[in-house]
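One structure is given here, and the rest of the page talks about it.
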Amino acid sequence: MKLIIAIIKPFKLEEVKEALAEAGIEGMTVTEVKGFGRQKGHTEIYRGSEYTVDFLPKVKIEVAVADEVAGTAVDTIVKAAKTGKIGDGKVFVLPLEEVVRIRTDERGESAV
Amino acid sequence: MKLIIAIIKPFKLEEVKEALAEAGIEGMTVTEVKGFGRQKGHTEIYRGSEYTVDFLPKVKIEVAVADEVAGTAVDTIVKAAKTGKIGDGKVFVLPLEEVVRIRTDERGESAV
Amino acid sequence: MKLIIAIIKPFKLEEVKEALAEAGIEGMTVTEVKGFGRQKGHTEIYRGSEYTVDFLPKVKIEVAVADEVAGTAVDTIVKAAKTGKIGDGKVFVLPLEEVVRIRTDERGESAV
Amino acid sequence: MLLSFFFALFCPLWAQGESAAAAPAAPVALTPTVEQRLASLEAYLANTDPTAALKNAQGKIPPGLSTPGAGVAGPGHNAWMMVSAVLVLFMTLPGLALFYGGLVRAKNVLSIMGWCLGITSLVTVLWWAVGYSLVFGRSFDSPYLGGSEHFFLKGVGGAPNPNYSFWVSHNVFAMFQLMFAIITPAVIVGAVVERMKFSAVLAFTALWVLVVYCPLAHMVWGSNGWMNGLANPAASIKAIDFAGGLVVEMASGWSALVLCLVLGPRLGFGKTPMPPHSLVLCMVGTGLLWVGWYGFNAGSAVAADGIAGSAFMATTIAAAVAAGTWAALEFLVRGKASVLGFCSGAVAGLVAITPACGFVDASAAVWVGLAGGALPFFACTKLKGWLGYDDALDVFGVHGVGGTIGMLLTGVFADVAINGNLATNLSGAVGRTLWIEQLKGMGVAFILAVGGTLAIALTLRATMGLRPTIEAEQEGLDLTDHGEHGYIYDSSNI
Amino acid sequence: MLLSFFFALFCPLWAQGESAAAAPAAPVALTPTVEQRLASLEAYLANTDPTAALKNAQGKIPPGLSTPGAGVAGPGHNAWMMVSAVLVLFMTLPGLALFYGGLVRAKNVLSIMGWCLGITSLVTVLWWAVGYSLVFGRSFDSPYLGGSEHFFLKGVGGAPNPNYSFWVSHNVFAMFQLMFAIITPAVIVGAVVERMKFSAVLAFTALWVLVVYCPLAHMVWGSNGWMNGLANPAASIKAIDFAGGLVVEMASGWSALVLCLVLGPRLGFGKTPMPPHSLVLCMVGTGLLWVGWYGFNAGSAVAADGIAGSAFMATTIAAAVAAGTWAALEFLVRGKASVLGFCSGAVAGLVAITPACGFVDASAAVWVGLAGGALPFFACTKLKGWLGYDDALDVFGVHGVGGTIGMLLTGVFADVAINGNLATNLSGAVGRTLWIEQLKGMGVAFILAVGGTLAIALTLRATMGLRPTIEAEQEGLDLTDHGEHGYIYDSSNI
Amino acid sequence: MLLSFFFALFCPLWAQGESAAAAPAAPVALTPTVEQRLASLEAYLANTDPTAALKNAQGKIPPGLSTPGAGVAGPGHNAWMMVSAVLVLFMTLPGLALFYGGLVRAKNVLSIMGWCLGITSLVTVLWWAVGYSLVFGRSFDSPYLGGSEHFFLKGVGGAPNPNYSFWVSHNVFAMFQLMFAIITPAVIVGAVVERMKFSAVLAFTALWVLVVYCPLAHMVWGSNGWMNGLANPAASIKAIDFAGGLVVEMASGWSALVLCLVLGPRLGFGKTPMPPHSLVLCMVGTGLLWVGWYGFNAGSAVAADGIAGSAFMATTIAAAVAAGTWAALEFLVRGKASVLGFCSGAVAGLVAITPACGFVDASAAVWVGLAGGALPFFACTKLKGWLGYDDALDVFGVHGVGGTIGMLLTGVFADVAINGNLATNLSGAVGRTLWIEQLKGMGVAFILAVGGTLAIALTLRATMGLRPTIEAEQEGLDLTDHGEHGYIYDSSNI
């Protein structure tokens, strides 16, 4: 199994969610994060004090999937999240050794 | 070593923390997240506009443990977090290659 | 590739970011988290009710790096985040199987 | 519930026509003398009866004799009373809503705000329909309840009602008093936040206002009230209560205790921590309450006179002293003075000075502030822990205890030099046995509040039920009762 | 834009010197009689003309005859009007800023707050320069627009201007009216939040105030206004509007509809959810609006008299009834009464009672509250959905619909028993054909608001542009227009 | 600290008995004439001495002669002054608490709110005990400090104190002035937020009020004050200060500069960004300050007369112009007008108009607004950067600079046509040399503020210490000084 972690632009969340759902992937966990990368931030000035904001709001999606679905999932995310502009984000794929569904104690792919 | 990631219902956090402590696992990192899965959300209406909320508040726990403790940790979490109702969450186990304790530069299992 | 996850004290974020930048690592994702460990919390009292706060504010940094940079990255983080006092946090290194840059579809190390 | 609300709204509208009933033919107008005209103007400054100089040797005003200055609203007094009514409304919307809203968990913040709004709406309709008349009418000729002559606010116009004020428009007086009837149940429900159904809150409010508030307010403030020692020479209990120590504070505090006992504690009470989600909101609410309380207290002079000024001064001092006292005690007991401590103390001091404010001098206000800070502190931080009831926002500790001690101290500190009206009906008692009368009044208020609330709460529990489901309580009443969230800060909400 | 703002500031300062122009030599002073002096003091209580008793058989005041009580501000009335002006400012800063600010998404909260501040600043300067004079001056001798004699607030001093009040300082009256001119455009822009450029908001405001507000306010409230049925015996349209049903509510509501149609919907409207980021702020804003509305409504008596009292009572009742009505309808339609529903209903009720408040009794206020809750509810929850325009904060639904229904009901319920002034110029119409006059007035206001707004909005769209870039709208106007964030709660901000 | 607080509370209570001391036997009452009675009623409207007409040829009032209208509070004036006192308290609780609270980082929001509460509590007790008397007493017969006759507010009752007002209750006046004594130190501590111990803030406040505020306020406003050019014909420095340009604004601004220099900058100042955690709160606080400032400024007429009206108008205009000016300068300098800019400008304009408001006309207020927006803008955005001091919330830039420029412009623009009282003692100076007198007064205020603050701050630093530990500062003062958190939004808090 794989744990797919995607960092995307916040306003793409809804589209990515729907795209994954269409691809049959119904579960995910979402976190508000701030990203730092090539996309430039901006400068805010409060009275005289400048304050460079180079952390930008992003959304992190975590999706656990069976190995065979991983490729589709990644492609789906990439497609739905792309705007072509800098700051679109990244997808990371990590090996996942075990999954347990708490409610039922199911383990492995059926728990995803 | 393993990195255990558990998504649980927020009000179960205290119980899971205590259960892990009893099992001798004292360190963890907690994040506020939103989950999307089989558990249904609800509809909110603001004046005329409907707004379907299908992301539900969850809490993510990350615990790094030595390999031999991993099983106990997972079981402990599952047991403490279970309500038996849909939306109880998932536990993911990932391989963890290295751990460093920043304060002491300790590495490996002693750093957990 | 590796995914480095570091839990640090919030006020060290700026320093860690700069240290990584000097080491040539320019991308990262940051999350507000709460940590539980050896560092003790405190007790808050609201009128008559005591309330023990043992979750302390921490910041989680996630950095994806090529394998050969991982060591430097970890050392850089550890060095910049260290205060020597309890609660400095941890660094975790996880194997990372794939990285995709959403904007360009680049994969692998070039996408980091 | 909502149906009966509408029923209350609609059915009485038929009655409307009557208000246009023909007045009896006016007698031939007599010309007042210059002296009489001067006297009625001077009465405006002194807040006295503008028709006093019109009375003949038999104490009667000859038919047809009036002055241009009689029977009209006095601008300065009217202005102050409109301001005061606004200030007391401000205490509820949004003062109390913020003070209470900040102290609950984020999932219940809208719930208490909705309660404040719903109570405001409901009590206003009740007040219009029957409430005002039941308290301040006289047609029942009873020391226990007013009358029906002002149902639907009939006859409540721009001219003063001399039973209550020579110079304030009757409609302004009625609205000023409405604001008291709104805030009292709104204070009560602070004890049961996070675990009472919205429908039950509304039902409780409607019954409580009719069963407890209206009789009690009539007894204490009605011109022929049973316990109105100040203005009613025939009062059986010669108690005094300037701005609502009995009617608002004790009534709400003791009712809150009973209600929270009937309801039972919140899920997880004593096990799960339930810290305030925003002391910032709570502090803002405290400021608004303090500010609004001047309308409550100085406004209770029903005039912009020197007595209002005394009430203003006593209110300021007691609030400040009690805030400092609570914080200082916290500092002594656990080494830190908290912001919640300052806020709690300020409110407790305001509560304690409420019955006393127009009767006492600045130094007495210091004592009331000390007691009003210290005893509620003790009640909230110790007593509640020992007894284990879940009075979520300490309504009993602050309002019940503070109001009780304030009423008693009013009996001790009331001073004819500050308020000359004390000499009219009470000259013998002031400074001597007044505190005994206060105790009697407190006993009546206690019995009415506890008995009435118990009856209402048990009835509702047996019929419609008081509590939401366990799931609803866990999820938070914002979502389950109102279908909303207090805050949506997500960056993906874009 | 900002340059012209400065231009407006600087150039007129030359004119200042003129205000010191020498007064004509005063005639020899005559001594008033005791009777005359008494009458002018009594006029203070009754809010009537203090010089009435000075007039000779020809209705003229002999030169040099005055009383100490004539030509000075009456303290009680002046106090109330200063309070009222403060309350109406409070409605905008921070009342409306909170009410609206809570309803937008977090990325636009400062934007609407900045609009409120910018509008306040800009309209004040306009009012000083020309606005007040264009509305309340008389030198143009026109029923459609005032005059130029008070440009730069020349001659607006501490003494009353008897065209508008016998007892309120002219400068206080001018500031009271300024607060209305501020809040009206601030209400409008609620329809176009999250997607209009700050510079365009300021330009729109300046033009709208001059083109729509000033003429309309003169017609309705100017002492020689075209539609001032209450005070101008020569009015062509004998409409009445106590506190701004036409001038503020209908004008803003219909203008908002036009503006949001010209502007087009927000990006993603109808697809992306755009829930309010903080109903807590919205509820607090509602409380402040309600509280401030007493200055708006009871203050529109321009005196602390019994009519103010009646307006106070009607305002309270209509707000409470409408809040309950909206919430009750929500409960019927979808099973839950929301806090936003209570808030929307309260505001809608306040809107609807605005034109009526000083003319109607308590029971009429109940009817206005019912209609003012129900019809806006329908407009916001159904009509808007059917028609699909993006009136973001329901300015049309609440103010346009509420103001329209309120104006009409004013014609139905206005009652000489409540406001004796109705008998002066309208005795024949009240209770009979007054509603037809109201309809005429509403037609004029509708045409002026819709036509004026359309012209202004299209002009601005064609020249400076109304909307920010798509990226700016996506990122949020806080950052792109003001370079700030509303909230920075990060723990790393330490 | 807290012990001495209590000491202050308790020990003086012994003195209480004295207040009941027997009055001398009253002389036989004489009957006033109709003329005299009329004159004293007319004096109410004109805010003049009601006993003027009672004086005989020698200028003395025959013993036993009075009128019913003399010696009582005038309702309209009293109403306005109670409102004004409420408004000024509102500026601190919660106005300033929000304005400042929004500008600090989230970990220190309760700290500044607690400071505001603690200062309110402490200064009230001091004012009751000695403060009021030291400023407005006369028993020391000194131009530099008042007297002891009103310690513990003895003799401060409902009747007016004709030294300060013919028509406002003495106790209302005392409370109005208390609110000024509260807000002044509360303004100062904005410079040192996030890095001063709570105990040190309280100690500083107590000493500063006694050492700097009381003498300065007596000199400027005391009826026999050294620099009271308006009312004291014997004043050595004939300065004028309508509402506190010297006493509040310059005193707080310059003291703040000294205090923040003694304290040193915050940890990480200049390196770590420290953006405001909630401009939303800051904007709300701005609204409350603006609204409350009408009590401050128009209230300083100590009457609801035409002068109050002029102050009202000037205040409105200056605030609006300065808000626009600051924002416009931001737009010119960096392309965006910020909400913080509007807020800062509004406050700076209010500061600048404070000493001038009751003396100047509308167009002068425009000039004051322009200067009051521009110079503080420069001070906050440029000067501070160049000099590098850490005045965290720009108290010096806004209040020090704004107050200084306002005092000077008051000397330039003061106009006898606006305020006739200027003719009494200053007729020669107004419009000519008044600005020189202003400069003298400013010099004295500067020396007293800087010298006094330096002495107090150095003493406290050497004894109890001013700063928290480094860890405490890093962790935030909310937790370390008060044991609380401002916000707990966690979903696990359920």
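Observations, loosely collected:
Residue numbering begins at 1 within each chain, and the chains themselves are lettered A, B, C, D, E and F in the order written.
As a working rule, contacts are C-beta pairs under 8 Å (C-beta built on N, C-alpha and C of every residue); 3 or more make two chains touch, one makes a residue touch a chain.
Everything numeric here is computed off the predicted structure, so don't read it as measured data.
The chains that touch chain B as well as chain C are A, D, E, F. Using the contact threshold fixed earlier, the set of chains in contact with both chain C and chain F is A, B, D, E. At the interface between chain D and chain F, two copies of one sequence, fewer than half of the residue numbers in use appear on both sides, so the contact is built from largely different positions.
Contact tally for A-D versus A-F: the pair with more C-beta pairs in contact is A-F. One inter-chain figure worth recording: chain C and chain D are separated by 54 Å, centre to centre, where each centre is the mean of the chain's CA atoms. Rounded to a whole number, the gap between the C-alpha centres of chain A and chain B is 17 angstrom. If you average the Cα atoms of chain B and of chain D, the two centres end up 49 Å apart. In chain C, the positions touching at least two other chains are 11, 14, 30-32, 34, 44-46, 58, 94-95. For chain F, residues that reach two or more other chains under the stated contact definition are 34, 38, 41, 44, 74-77, 79-80, 83, 272-276, 334, 338, 340, 474, 483-485, 487, 490, 494.
Chain contact topology: the protein chains form a complete graph, every chain touching every other one. For chain E in complex with chain D, the touching residues are 34-35, 38-39, 41-42, 44-47, 74-77, 79-80, 83, 87, 105-107, 167, 272-280, 283-284, 286-288, 290-291, 294, 298, 303-310, 312-313, 316-317, 320-321, 323-324, 327-328, 331-332, 334, 336-340, 342-343, 346, 361-363, 366-367, 370, 417-418, 474, 476, 487.
Chain A meets chain C in the complex at residues 2, 5-8, 31-38, 55, 58, 60, 74, 77-78, 81-95. Those residues of chain D whose C-beta lies close enough to touch chain A in the complex are 490-492, 494.
Residues 10-11, 13-14, 30, 32, 57-59 of chain C are the ones touching chain E in the complex. Here chain C touches chain D in the complex through residues 44-49, 51-52, going by the rule given at the top.
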